[in-house]
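Each of the next two complexes has chain A plus one other chain: chain B in the first, chain C in the second.
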Partner chain A sequence: MIFSYRLRRNAVKIEGERSSALDLARGRLVLMGGFFILMYIVFAVRAFDLAVIQGRAISADNGATVELSAMEGSEDAPGTLPADIARRGDITDRNGALLATTLRTASLFADPHLISDTARAAGGLAKIFPDISYGEILQKLQSDKRFVWISRNLSPEQQYSVLELGEPGLEFKHAYQRFYPQGALGSHLVGYADVDGRGLAGIERGFNNYLNSGETLRLSLDMRLQHALRREMTAVIDEFSAIGGAGLIMDVTNGDILAGVSLPDFNPHRAGEALETEVFNRLTLGAYEMGSVFKIFSIAAFFETHDVGMNTTFDTRDPIRIGRFTIRDYHAENRILTIPEVFMYSSNIGSALMGRAVGTENLQNFYEDLALTTPLDFEVREVARPMVPSPWREVNTLTASYGHGVATTPVQTISAVASVVNGGYLIKPRLVLAEDEGKASTDVRVVSEKTSNKMRELLRLVVTAGTGKNADVAGYRVGGKTGTAEKIINGRYDGNKKISSFVGVFPMDAPRYAVFIMIDEPKGTKRTYGYATGGWVAAPAVSRVIASMVAILGIPPSSPDSPENAYGQDLKQYVSAGKGEH
Partner chain B sequence: MKLLKPVNFVIFAMVALSGAALLHTSQNVQRVEGDLRSLEASVQRENEKVRLLRAEWENLNRPERLERLAREFLDLAAPAPETLVREDFVLPAVPEDEAESVFMEEAAPPPPVVRDVAYAPERKSARALPQKAVPPEKLPAAKAEKTFGELLGELSERRPQ
Partner chain C sequence: MSLFSRTDKSLIGQWWWTVDRGMLSAFMVLSLIGVALVATGSPSVAERIGYGYYHFFVRHMIILGPALLLLLGTSMLSHKFIRRLAALLFVGSLLTMLMVLGVGNDIKGARRWVHVLGFSLQPSEFIKPSFAIMAAWMMSLQKEKSNFKGNAITAGFYLLTVTLLILQPDFGMTFLVTSIWAAQIFLAGFPFRLLVLLLIVGILGVFMAYQGLDHVHSRIDRYLDPASGDSYQIDKSLEAFQNGGIIGTGPGQGTVKMSLPDAHADFIFSVAGEEMGMLFVFFIISIYGLILLRGYNRLMDSDDMFVVLAAGGLLTVFGLQAAVHMGSALHLFPTKGMTLPFVSYGGSSLLSMGITAGAILGLTRNKARSGLSRGGLSLQTNRAHRTARRGVNTSPGV
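On to the complex of A and B.
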């Protein structure tokens, strides 16, 4: 501008038409010059910005940035899931202990072409992964491929160590993986999901969509009780060389399942490799003839249909012959028994006679009301269809009275027991913790208050004086019923293959918890004089589970001389001094 | 020459100034956006770490493991039902004048340490504890125990895409 100004002053004054043309040219020149100067300034500022301002910012968090980009991986946005997919929700037990969660894991792969120093890299990696040998890594790193896996699902420490190697040819691939911190504990109820986050079994399957929307699910399980139950069942299965078992702990007031164990169990991280017998959920998929445990239901049905006292007697001296069937007693008393005696000595003949008195239609309806013979309605969707005789003849009524010829699942059995003892309200088993914890799960009445009270006293009698003595825990008024059923092998009952079970309820004067343990094919031991019945096998295990439960839940015992401790002892007047039981 | 009017200089200066201000602002925005991204990423990363640590914590707190460790290293077992305080139990009342002496008494011997009274299904391991203090790392480790890293490693594998 200064230049153009001088130009003007020194120039010869040109007038007229030419002068205006010159002015125009000059103006354009200035405009152009101004434009270029402006651009230079812009470029200079931008260059200064890139070189100095931003350059300093980058060098300031250089280390962090490099680590960050390496940790995040290149194939997806840093640390985020695609916006439309929520991370699969967690599953916790009632106390918030984590049962299933989704973790972001990194797997290490190498591009051998980019490895700068193969020997050094292999040496470093061999130190980080002790389970892979130096030679093995060296071989992988010198291959001609552009992609070789080194190790999957690294722990954060391993990831960090790999980054410290500073080898450009090593990269991470990230994935989301379902992780089960409790391992096999509770695996049958929690279930498992595949690598794509699809629930394949248990709660993972039953609540697949809910979990995939990112919601957390709280179950009614208590992992402490779950462990106690599993520990005692494992011990019993070992002692009696059994092939498996099923166990449940239920809150009889609302149907909450506090623990559910099916053995053998499996590692949910390796569910695909588990044996079929391990993955099989005996709790809901196994339908079993429960044996004498069913006498709880047939006698309750008898009380419902006959308003009689406990002194009603049944002649159990002779086996019942019906068609080609003969019904005998296992713990034979060979005399006339009162109702308490029938129950405490677990007389098949006595219960069959009661079943006959109840009548086929009544008994069928009663079992159906207790949800024993209809498919289980439950949050875990893998359920078995109970097996009922078809057609149902009179002989089936008699055998169903002592738990043969009718097969149902352990979950249904414990729910029906809960319904009978809790005052008579139908219990629907539930595994997902309800908002209103205290509320009963249904208000449908299945037996009268009176019948429920009678059954409580009878159940207590079995433990104080009958076949379930081994189940008692002093101060906790345990009641219960033993069950021993022969398994059907090739269409016939096999006397050597049994299912021995015990269902215990406590405290019997105001029932709160039911514990059911069923052991598959126990073999008698020297200690049990060769016996492998419910009273020898399952009852002691239930006793130990209850002993653990009261310590975990902090339930105080009653004192020996308190009135509730004498609960149900009035019934002893109906028990004559028989020859006792095994 | 219209262009060289002082007002033009002023306008020019203002354009340059506002240009510089604009540049400065846009730089600031970019930088702050960068900071935000890296903070968000690091929050995300920390959250992942928290999840991982929680999973490990829960894994280490498995009742089975705690029970085993308590038995091996602390010689403790769960209380048996007989040792629980009964529901009708009340602390014996102490007469007013004795109350102080009861709490001040220091000569009273410590209660005897009762071992193995509680229910312990595997008493052998409690007895087998060496009498001399052996540092925990020298005790034989349980063979079934898997480290958290090993557990992670056994998660089902996703095929490379």
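On to the complex of A and C.
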């Protein structure tokens, strides 16, 4: 009995101890659970700290432009610009094609102390960067420095390949870099910026602050037309072994520049290494004597000052002698010419006589109204001052009537042509696409509508019957004017070095586009019987550009028997049969 | 959930209705996350050390199968078999560790590995679960029979294990085994005063390791002052989290991971941070939290001291290892290379974790939990029964 009691008592005691021990354990389980939960919450907070709070700080820091110029040539760790500099804005053409953009690129450097396997790393890198030799990399990686540049501005593919090497000693510095996806196409107008994001030329310079604020800038350029223009100009320059050229396509209704080519051109990514002649922007910085193209302006001036008919005649049988000058015709007709004949045969004597009739002051004022004698007011700020005779005597009036002694930039010239043909409103060239595209750039009238109409007919005549026959494109009523000027070499006109140009406008009955091509020092070929004049060199190129344009822009031709196709044919009544090629 | 009928008396059917299916799913989810992260984190590491692109991934997949089988198998065992398995494993691991000290390969300054069938095994990984179960067994035996010197035996086990570990040397494992033992004696009712004393001894031990062993020294220095030495790993790890942000760079899209040493193992958490982002990191943390809380919660209802101690110790080592991994990657702790349970690459670690998780599941199975349910007692009366016993305990004269 006693034994059994004790046994039970013991059992109860053990049972009791066990349950008290279990209770204690339960309490402590709660403590341990709490400890873990607390620790895990700290982890979550820390993850938030890294991913959100510090994550932003890091991205802003990496986003800051690493000052690449500070890296150039130096092997030290680069400094960084403050984080508040925004990514420089894009430049696009009128259709949104990227002309300039800023991308975040990675530059690769190594910390040789951290390289785990020098030979393997060098081998891998040599495969990724074919322009650096294995030995070269090996030499860099075995150096005692903590920082060695391997390669700058990697492509994403290269960066990925480097990351795949998994080499801890290889690291990246990020920077913003300016890219010009179109390369040389449009490089003179778009311009370029330096590594610090400062625009140095073209639109990049003219709109530097705007772009640096991160805004996108849309230009009036159409890269499809730009390409067509450049292609045709390159072909002509090759064919005539010329040294360069300038070309423009303009919407004559509002002054939008749709294409602008200056050749030779350059790769804007390597503007620093380009030759001076390549970087030189002939479109705005080159002032050239345009030759007979200027007859458009002198004859328009004549119509403005003299309300006469097309049948007015000028005696071009004798050269004009004034002071030391003798004004001759290139291919003299040696007869009395009507105004249409003066224009289509490009008679210098006839133009000079008209200039004399207009008068020095009137002609000067008219050229000034057309913005031909003052520096171009343009969105690209590298502009040349036009060269005008000083002092301006009567002889200068005569020569300026056929584009001699006055030098203007191509952009000025095409704008003045546009002003004359568009109904008479002054055209201010523009490269930045306006909010309201249809709006004309100015409403300043420079010639009367009547004069404008006469000039359109005359321009069409040049292509149907005169010196510009090569410029025609069937169904598009192309009009235009040739120009051939001798270049001034060492202060003297050099008869062998010419600037041959053609300005074409179409459709002539309701002008919409002007195409100007100017070729520098073309040399005549067998095909052209040795001629290198505007009609032989530039006019066919303008024709091909227009043929491309109408295809690109989807402009339908007029049918051969439609009334507009016969536009300007009335003038033929004032033309006697004769030769005509200039 | 109609996979097995509730009345299914087969082994599998019984298992299915008694095992903690929530916790089981959590382990499976972790394995899946592990497959994804090893797939994206390991190729650059493999290439770097000259293996093929898929080297680690293939091996991880090969080991994952057996590891999950071990998990399921162990979770089906009865307590008796769990103890027997632990005893075998414990003795086996200790012997192999002894052997390793003699003939093992030196990897990264430590002798931990034996080669079996082309895989290198780390016997010390298996000491974790087996030690936890053995120690719990001995301690609970002492609770049953007060004349059994179970606690002393555990102390002996502990000293033997730790000595072998320090000889390798493997301080990470030493830390974990110490933590298991500390958690168990804490649960077993060790007085707080003595625990504080032990803590002081522990801190002294760390200090001595700091003074006496160079690599421990430099690692702690680096934690306290990152500028003092090479902190490449941790810099990269933090960069990964920063690069990932809230939603991450996207699976396979990470870049920092590629130059992150040990991205497949000791820093796989950073890979998750970069590619999947902060929200996913929260998800991973909460899975570990869920496993721990579910586990501890089940132990609250257990009447078996052995179960409380063994599963408590196993849960602690599981949670602590995850914590050290995550804390290292987040630079909250000094960098200590530890795998993230079920996620990191690591053959031995994965197999050992399979056993650990299996043992936790097996020990916390419903049937095992109460033992009274077979007597037809409801949970309600079970609790009442407990209160009654507490009453006996506090009555005077006992």
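To be clear about the criterion, the second predicted complex is superposed on the first by the 495 of 582 C-alpha atoms of A that agree within 3 Å, B and C clash if a C-alpha of one lies under 4 Å from a C-alpha of the other, contacts with A are read in each partner's own complex, and residues count from 1 in each chain.
Following the convention adopted for this analysis, contacts are C-beta pairs under 8 Å (C-beta built on N, C-alpha and C of every residue); 3 or more make two chains touch, one makes a residue touch a chain.
Keep in mind that this is a model prediction, so the values were computed, not measured.
Judged by the touch definition given at the top, the superposed model places A:572 against neither chain B nor chain C. In the superposition on chain A, no contact is made by A:127 with either chain B or chain C. Of the two partner chains placed around the shared chain by superposition, chain B is the only one that A:152 touches, whereas chain C remains out of contact.
When the two structures are aligned on the shared chain, A:476 is found in touch with chain B, with no touch to chain C.
In the superposed pair of complexes, A:163 makes contact with chain C only, with no contact to chain B. In the superposition on chain A, contact is made by A:26 with both chain B and chain C. Of the two partner chains, chain C is the only one that A:36 touches; chain B does not reach it.
Of the two partner chains, chain B is the only one that A:548 touches; chain C does not reach it. With both complexes superposed, B is the one of chain B and chain C in contact with more chain A residues. According to the touch criterion, the shared surface of chain A, contacted by chain B in one complex and chain C in the other, consists of residues 23, 26, 30, 42, 46, 54.
Here chain B touches chain A in the complex through residues 1-4, 12, 16, 19-20, 23, 27, 31, 34, 37-38, 41-42, 44-45, 48-49, 51-52, 54-56, 58-59, 61-64, 67, 78-82, 84-89, 119, 121, 148-149, 151-158, 160, going by the rule given at the top.
Here chain A touches chain C in the complex through residues 9, 12-26, 28-30, 32-33, 36-37, 39-40, 42-44, 46-48, 50-52, 54-55, 58-59, 114, 116, 120, 159-160, 163-168, 170-171, going by the rule given at the top.
Across the interface of their complex, chain A is touched by residues 43-45, 47-48, 50, 143-144, 146, 183, 186-189, 230, 232, 236, 238-239, 241-246, 255, 258-259, 261, 273, 277-278, 281-282, 285-286, 288-289, 292-293, 296-297, 299-300, 302-303, 305, 308-309, 312, 316, 319, 323, 326-327, 330, 332, 386, 389-390, 392-393, 398 of chain C.
Chain A contributes residues 1, 4-5, 8, 23, 26-27, 30-31, 34, 38, 41-42, 45-46, 49, 53-54, 57, 61, 64-65, 68, 71-72, 78-80, 97-98, 101-105, 107, 109, 147, 149, 151-158, 173, 175, 177-179, 181-183, 185, 194-195, 223-224, 226-228, 231, 235, 267, 269-270, 272, 473-476, 544, 546-548, 550-552, 554-559, 562 to its touches with chain B in the complex.
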